[in-house]
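Have a look at this one before I ask anything.
Here the chain labels run A, B, C, D, E and F in written order, and each chain numbers its own residues starting at 1.
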Amino acid sequence: MSHTILFWSVTIAQFLLAAAMGLAVFRMFRGPRAQDRVLALDTLYVNSMLLLMVFGIRSGEVVYFEASLVIGMLGFVATVALAKFLMRGEVIE
Amino acid sequence: MLPYPLLSLSLVVMWLALNGFTLGQLILGSIVSVFASWGMAALRPSKPRIRKWHLLPKLLGIVLYDIVRSNIAVVSLLFGGGGHKRRSDFITVPLDLKDPTGLAILAVIVTSTPGTAWLEYNSLSSTVLIHVFDLVEEAEWQDLIKNRYEKLLMEIFT
Amino acid sequence: MEFVLALAIGIMTGSGVWLILRPRTYQVIIGLSLMSYAVNLFIFGVGGVKSNAAPLLGEGVDIAALADPVPQSLVLTAIVIGFATTALFLVVLLAARGLTGTDHVDGREQPK
Amino acid sequence: MTGETLLALLVCLPFLGSLAAAALLRTNSRVLAARMSGVVALAGLVMTAFLYPAVKRGPVRFEVEWLPQLGLDFTLRMDGLAWLFTMLITGIGLLVVVYARYYMSEEDPVPRFFSFLLAFMGSMLGIVLSGNIILLSVFWELTSIFSFLLISYWHHNAAARDGARMALTVTGIGGFCLLAGLLILGHIAGSYDLDAVLAAGDRIRAHPLYLTALVLILIGALTKSAQVPFHFWLPNAMAAPTPVSAYLHSATMVKAGVFLLVRLWPALSGTYEWFMLVGIAGISTLLLGAYFAMFQQDLKGLLAYSTISHLGLITTLLSLGSPVAAVAAIFHMMNHATFKCSLFMAAGIIDHETGTRDMRRLSGLLRYLPATGILAMVASAAMAGVPLLNGFISKEMFFAEAVETHADSFLDRILPYVATLAGAFSVAYSLRFIHVVFFGPPPVDLPKPEPHEPPRWMRFPVEFLVLACLVVGIIPGMSIGPFLHTAVVSVLGDRTPEYSLAVWHGINTPLIMSTIALVGGIALYAVLKDYLARCDDGPPLFRHLRGQRIFERVLVTVSWKWARWLESRLGTRNLQPQLRLVATAGLLAGVVPLYISGFSPRPPAFGEVDPVFAAIWLVGSVCAVGAAYQAKYHRLAALVLLGGAGISTCITFVWLSAPDLAITQLLVEIVTTVLILLGLRWLPKRSEKVDNSVALAARGRRFRDFLLAVGCGIGMFVFAYAIMKQPVPDAIASYFLERAYSEGGGRNVVNVILVDFRGFDTMGEICVLGIVALTVFALLRRFRPAPDSIEKPEQQLIQNAFDAERPERSAGDTVRDYLLVPSVIMQWMFPVVITFAVYIFMRGHDLPGGGFAAGITMAIAFLLQYLAGGVRWAEDRLRVLPLRWMGTGLLLAVATGVGAWLLGYPFLTSHARYVDLPLIGKAPVASALLFDLGVFSLVVGATVLILIALAHQSIRTHRVRAIEASKAEEA
Amino acid sequence: MTPLDHAAGLPAWAAILVSVFLIIGAGLTVIGTIGFVRLPTFYERIHAPTLGTSWGTGGIVMASMIFFTVLATRPVVHEILIGIFVTVTTPVTLMLLARAALHRDRAEGNPDVPSEPPVPPSAAVQAEKA
Amino acid sequence: MNGWMQHLIVAPILIPLVAGAFLLFFDERQRVLKAMVSVLSCLALAAVAITLLRFSGAEAGFQGVYLLGNWPAPFGIVLVVDRLSALMLVLASVLSIPALVFSLARWHAAGPHFHTLFQLLMMGLNGAFLTGDLFNLFVFFEVMLAASYGLLMHGSGSMRVKAGLHYIAVNLVAALCFLIGVSTIYGSVGTLNMADLALRIGELDPDRRMLLEAGASVLGVAFLIKAGMWPLNFWLPGAYSAATAPVAGVFAIMSKVGVYVILRLSLLVFGEGESAGHGLNVLLYGGMATILFGTIGVLASQALGRLASYSVLVSSGTLLAVLGLGNGEVTAGALFYLVSSTLTISAFFMLIELVERGQDAGASVLAVTMEAYGDADEEEPETEVGVTMPATIAVLGTCFAAIGILLSGLPPLSGFVAKFVMLSGMIGAGVQSGGTIPAPVWWIVALMILSGLAALISMTRAGIRTFWASMEGTVPRVLVMEMAPVLVLLALTLMLAVKAGPAMAYMEETVRALQHPAGYIEAVSGARRAGEAAATTTAGEGD
């Protein structure tokens, strides 16, 4: 019972998140402006973090958690750098 | 030894959350947190002083509630609901809060809440430019930010 | 799984190869990065693809079911070396650009 | 002293002398060097003389092992022929030294001359005394080298340089061919030892490779002896000082070629091929040399061509394959050496005294140089083959052989006529030499107006040689006879013919031929006399067809023009074609073996595809292709898309059970992104407009690249699929899985492999990172941005201008406001990330994580602060000393490894223990953890160094610019 | 697909709860991303992903926490860290990005964007700087 | 065998590593100290290498296999000292000392961290020679390459950086090929240990064998790029001629690393069995093409640096072609040639710098470097230490002539002996096998002669131009410290020529061992772990 419920909900969640990733990539590819792409990358990071967490549930292992944590904690660094580049033309002044 | 006790405590909690609670981990976590807070001290950040601890949970509650609410609002807006033509625009909100930590928290709140985004803070005029996803009444939003969040924050800090 | 992974490796390799054949240094560095992703995945894939069988030893883990740890450790080394060389290449291309005034890979614009 | 050591000494002495003379270089003492050389030559002569009795009994050998496995030994062997030549070399060497003592001027660096001369003498002795054919080749090449140095002795003179180079090139080619030929010969004979080779004559001649060997050896011999068509270097070599010409180009070096033919005569001669090849070369040289000689205006040129002709005579004799002819050849070599050497010396005296060698300017010198004139006349007569002189006897022998039939061929039939004709020519040029130079009206307008007889001792060598001509010419049997016989026996052995060295053989065909030649020569000269007095240098018909010029041109064309053209065609200095080739090579290397062995990949089964996984890779592929598409104009977009591909990779790692990789990949990607962004600031702006007019060629190139890219992609796909479908043979993986915990002390097998099983890899890997960081640092210290990147970025200019314009704003307000809130949060993250780094580090051995990931995390913590506050702000607060971190890391890693030595284990042996700690309980303490700490430390240091060094460029360039600006203001 | 064998022993209420949170989280995320793709201007688009970073993340974090807590029969809370970090760091990104966008739009003279307070920048200034 | 002696095997890697790391703690200004540490390290290396050479020669008692981390052979990483690797170690360390001493005169001050990079280059080289593990080979290749990148661009300047860019790009792609190759081999055989690979290759089923061969070919591409086979070698002339003299001097051995690995792997893995001789033809014809290209380049080069670089190609091509013949005797000759040509080219690169110093061309090179010194705020004044050379021109000229002689294979130096032993082997094999010499052999012979001739022509041309036509009056300032290394290297070639007998005996023994890989395999798989009883051999073999 719970197995089936979980199976389906996990599967659906994964599909949804994968779709979300696809949409983010669409925006990333389309642009039109650099800020859109950067925002898309940030979204992609978050989406994939969530996907990994769902994967963690699916596998029942906690060992994949750190990967999500790394994205959650440090994923923003890349985006910050990109944003700052857009704003200042230089990442570290 | 402990320049930022609250920070150190949080770090210990984080350590334990990551590693699970054992005595060994507590000791280890404490050591690590002390070192880490020394690292923080090196940065010489402006030191926030929290006056009213008891207001923190209240703030948290308000924020969580607002986030849920605005989540729903934005979702419905995205699906064309809301019953009116959506207008998004920029608003400028004058702020009295000066403390960087307070401002940061305010910014986090504003931005985490779907539907509002903190764009630009101007330290000279103490105003913040906010983009609102669904702007019905500008004053309403200014009021929301000023009274609902800023006031509380001012109370906690200062 | 294998099919998808192999296809992905192929596409990344193709994109990378295309890029490293371009005349701008920046294209080359992106191409090299893509290729090193592809190669890392290739090394990784060589060990066979197993889902949810991380080579972590716990209580009562069936060793035979675990993924091959060797390619993983090789990839780890390869990632590090790839990172290092990318950094180096970046700086070299910057230096070359500074000294030659162009970002063409040959240090001068090709006559059309 | 035994014969053997004497032999060794004989060869070594000149080289030692050469070194000693070179040591005198700075003293520039002409007399000392000359005396020393004279002593060396004399000693050689005396030693040779002493060796005669032994040689007469049979060859004297001296052997030292050099490369015994390959049959190359330092074997010296003196038999009759070698003895005769040794006498010649040392004897004439002595005379040349005496002559040169007076010939060389004060200004010349004389010690160098004698040094080279002695070295040459040694090499020449080496050739004649080699008992191993490879050793012979060694000395052979040495003579080429020293002759180069001697010819170019006056290297300020372009003619000398060119002549030397040509001589070296031609004889060098010959030498290489000779080596190859001798190698074949040696292998056919089964040994490089000369005795063995000579004994294997029949086998050699019957071997299928005989012709190849013969041709190669002949090229060597003929180039050295300046035979047609390789003759042209010799006249050009006349730019050398006259003693050199006298020694090398008449008496010794040019004889090396014919010497070799004599030496190998028993092994090679007697076949039709030999006859034809050697014969044609010899006859044409004989004739052409003599013909050319007649028309030379340069004294030494005349002598040079005459030398060529005489060498042709010797070659012709050798070609005939009859023993008597061989005797004549050996005899003529001796004779030629004596008279030609004396003639060169005489020419040198004339040159020395008058300052010119141009026969058009010389005239009537007999009244100034009577003694020299007479000596020259006698020598010329010997050259012309006048009876009672040595040249006559050997020429008679030649004529006698010429009329004999040998291999009944076309050559045979023309030989008598050719011989006579050449004889006539030789008479004519000899006559011309004497007549023009010594007779006629007194010379006008000589460079040195008052010629007079040279010093006594300068003339002595000429006198001595002329005397020898006379003695041999009159009493051959009593003078040279026995020695010649010894030499002949040593070459011909049992086949030694009956011959007599008499002056008078009665009236026979050769004598008639001689007479015809003599009369004809005189008549010829009479006819040509007036023409020769005016004509240009060089013979009619061939004046424009000058070997040296053709050679030069061919050499320049082939070795310079063609080479440059080919180099630019076959190679490239551009990167793109290189990478194209590398990619193609990689593709072919992968595909061709599979194709050859008929590999067919199994068709894919789509059922097993996880759709989510496929979706992730759809995303990843779009990112990859997008990055490829955007990288030219939208750099940032390409970078972002690269990040997308990276995240797909990262998810794949998680999906397929590699959490360690996922973490590392993510961290690396974050750092890489920041890194590339840091670099992006220094790249030029690029707008899409630039390149819309795509030329057809460019389109073609792109299409080709596209095909290659697609090909590589498909290849990689097939390859990857094939290999992934192949179950991995479990050879070592399970070993690691089984022992990681029990022996490695860790549950994370990947980490245990990294720090323990294959910790050495990791050590190398961190070295790479460290090296790269150092290189980056070094490069950036010299970094100069391109002019268009020196300015602050556009954004900053606008924002700064905005701040400057508003009276209420102060500089930097915009950025301060911009970062006000974010920097607070980023500061909060600092201790958190540090804690996280420690966490990742600590758990590494049992769970995903480890030193590397922790190190990068730590570096990101620092990086974040730089991002938040800028370089100045961050460095005001944090002092990271990356070099220390790196050094410590490396040393710690090594120290951990070396620690195992103390316990008697190999490097990097890890020790895991569980330690009971109060309160905490059992804690694992593995030495691998210490190693990992080293990794951590290095990674932190290196990553920070790379990032920060790059970040520093912004402020540094501003500083540099400020300095420059202030300088400009001052000026 | 790997069956969730380990989840077979999960009580139904937990399974349902986890599923609900999962679907909510994933659903919000995907809706946010749809909005991100569909909305016309950048400043509107900036709101969309916050769905994912707020309750999208929250939902999945909750699901994960419940799931592992029930599975391990002890409180597993480390997922909360992800929630905290995402909440704290996303604003940084958005703020910086939005401000950068603002700058770029202003520099290009985009009329839809409010000018820099308090004094509106004159067009002359823009021209001068360009 | 003393246990401590056993650790000598790892010393060639650790000594430079420790020295290099140690140097990081000192400021750039402490140059004398840095130089001393560096020289000491190289001396120690040479001592260790020579000791290892002796040990590996004297069979008994010396276990030439070092189990890192005390893990048995196919599992852990092993270092193997056999005659071949010992030879290469000695060559590398012998080469390093003169180059280092040369650099001390001025170049080591032309940029930061020269000595560390130099030491780590030595580490990479030594590691590549010693390791018995494919992936570890990759790592050491990368160490070597990374250090070489740094050293190549040492002194900066647009020429070097441009050359460096190409060099790095090509080598990065090569590194990717390397990885693909190694992982394919792992995927098809399941092991990374070379000896184990050789052992298992016999038992492979056809599908795997195909993959293995394909993987090995891709791997081969990486090595061939390194070795400089045409048409994968266009980066080499640019890179080598742009490097500073002492760096180019050590680089002389880097292209030989590729050759070394090819030699080792082709004989070990593809020496016997079904895949025997895999890819030999590529080596043969590729090698010939390389000789030809190198020859053309030698002729076409005006700048001495490029001439020397093309000589590297000629040398590589010769080695590859000769290895492609697969003839043991010739291979021994090739090893001799390898040593000789490496020493020669190293000396040549250093000499060029000295020669060009007095010339206009040299002045422009110097200007390029000076351009890098532009940053006034970070430049220390260049200080020259040491004594200038007496009779400079004479010595330079003699050295130049000696190098010309070596390159063109003229006697009496080792170049001749090398050429002789190779030619003798090739021709001998043909003659003895019934009198027909196969066409490829003829081609190689012809090409070798041609290349020697080209070197002769080119070197005389260059020598005349340099010494006689243009150098009149301008005597370059050359320090004894710079001249001595060149002289030492040349003296070594002379010694090699004189001692050709023993040297060739060593080479032949080496090749004999290589041709019978069983000994190597046995040594590796039978290596005993420390602390294990002597009776139990091959631990873990039974899994």
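Just a few scattered comments:
Definition applied: contacts are C-beta pairs under 8 Å (C-beta built on N, C-alpha and C of every residue); 3 or more make two chains touch, one makes a residue touch a chain.
Per UniProt, the chains are A = K+/H+ antiporter subunit F; B = Na+/H+ antiporter subunit E; C = Na+/H+ antiporter subunit C; D = Monovalent cation/H+ antiporter subunit A; E = Monovalent cation/H(+) antiporter subunit G; F = Monovalent cation/H+ antiporter subunit D.
What you are looking at is a predicted structure, and each value in this text was computed from that prediction instead of being measured.
Least step count on the touch graph, subunit C to subunit D: 1.
Shared contact partners of subunit B and subunit E, listed by label, are D. Among the chains present, the centre nearest to the common Cα mean is that of F. Centre-to-centre separation between subunit A and subunit F, using Cα means, comes to 48 Å. Subunit B and subunit D, compared by their mean Cα positions, are separated by 74 Å. We define each chain's centre as the mean of its Cα atoms; on that basis subunit A and subunit E are separated by 9 Å. We define each chain's centre as the mean of its Cα atoms; on that basis subunit E and subunit F are separated by 55 Å. Across the assembly, subunit A contributes 11, 14, 19, 21, 34, 38, 40, 58-59, 63-64, 69, 73, 75, 80, 82, 84, 86-87 as residues in contact with two or more other chains.
Residue numbers of subunit F whose C-beta contacts span two or more other chains: 135, 139, 142, 146, 149, 153, 156, 161, 165-166, 169, 173, 180, 184, 186-187, 192. In subunit D, the residues that reach two or more other chains under the touch definition are 573, 575, 579, 583, 610, 639, 653, 655, 659, 680, 716, 723-724, 728, 730, 732-734, 736, 738, 758, 761, 765, 768, 771-772, 775, 779, 782, 784, 794-795, 799, 818, 821-822, 825-826, 828-829, 832, 836, 847-848. Applying the touch definition to every pair of chains gives A-C, A-D, A-E, B-D, B-E, C-D, C-F, D-E, D-F. Against subunit C, in their complex, subunit F makes its touches with residues 135, 139, 142, 146, 149, 153, 156-158, 161-162, 164-166, 168-169, 172-173, 175-176, 179-180, 182-184, 186-187, 192, 371.
Across the complex, subunit B meets subunit E through its residues 14, 17-18, 67-68, 71, 74-75, 78-79, 88, 90, 92, 107-108, 110-120, 122, 124-125, 127, 129, 131, 133.
Every residue of subunit C that touches subunit A in the complex is listed here, in rising order: 51-52, 54, 56.
Against subunit E, in their complex, subunit A makes its touches with residues 1-3, 5-14, 16-17, 19-21, 23-24, 26-27, 33-36, 38-40, 42-43, 46-47, 49-50, 53-54, 56-60, 62, 65, 68-69, 72-73, 75-76, 79-80, 82-84, 86-87. If you check the complex, the residues on subunit D that touch subunit A are 611-612, 615-616, 618-619, 622-623, 626, 634, 636-637, 639-641, 643-644, 647, 650-651, 653-655, 659, 662-663, 666-667, 669-670, 673-674, 677-678, 680-681, 792-796, 799, 815, 818, 822, 826, 829, 832-833, 836, 840, 847-849, 857, 860, 863-864, 866-867, 870-871, 947-948, 951, 954-955.
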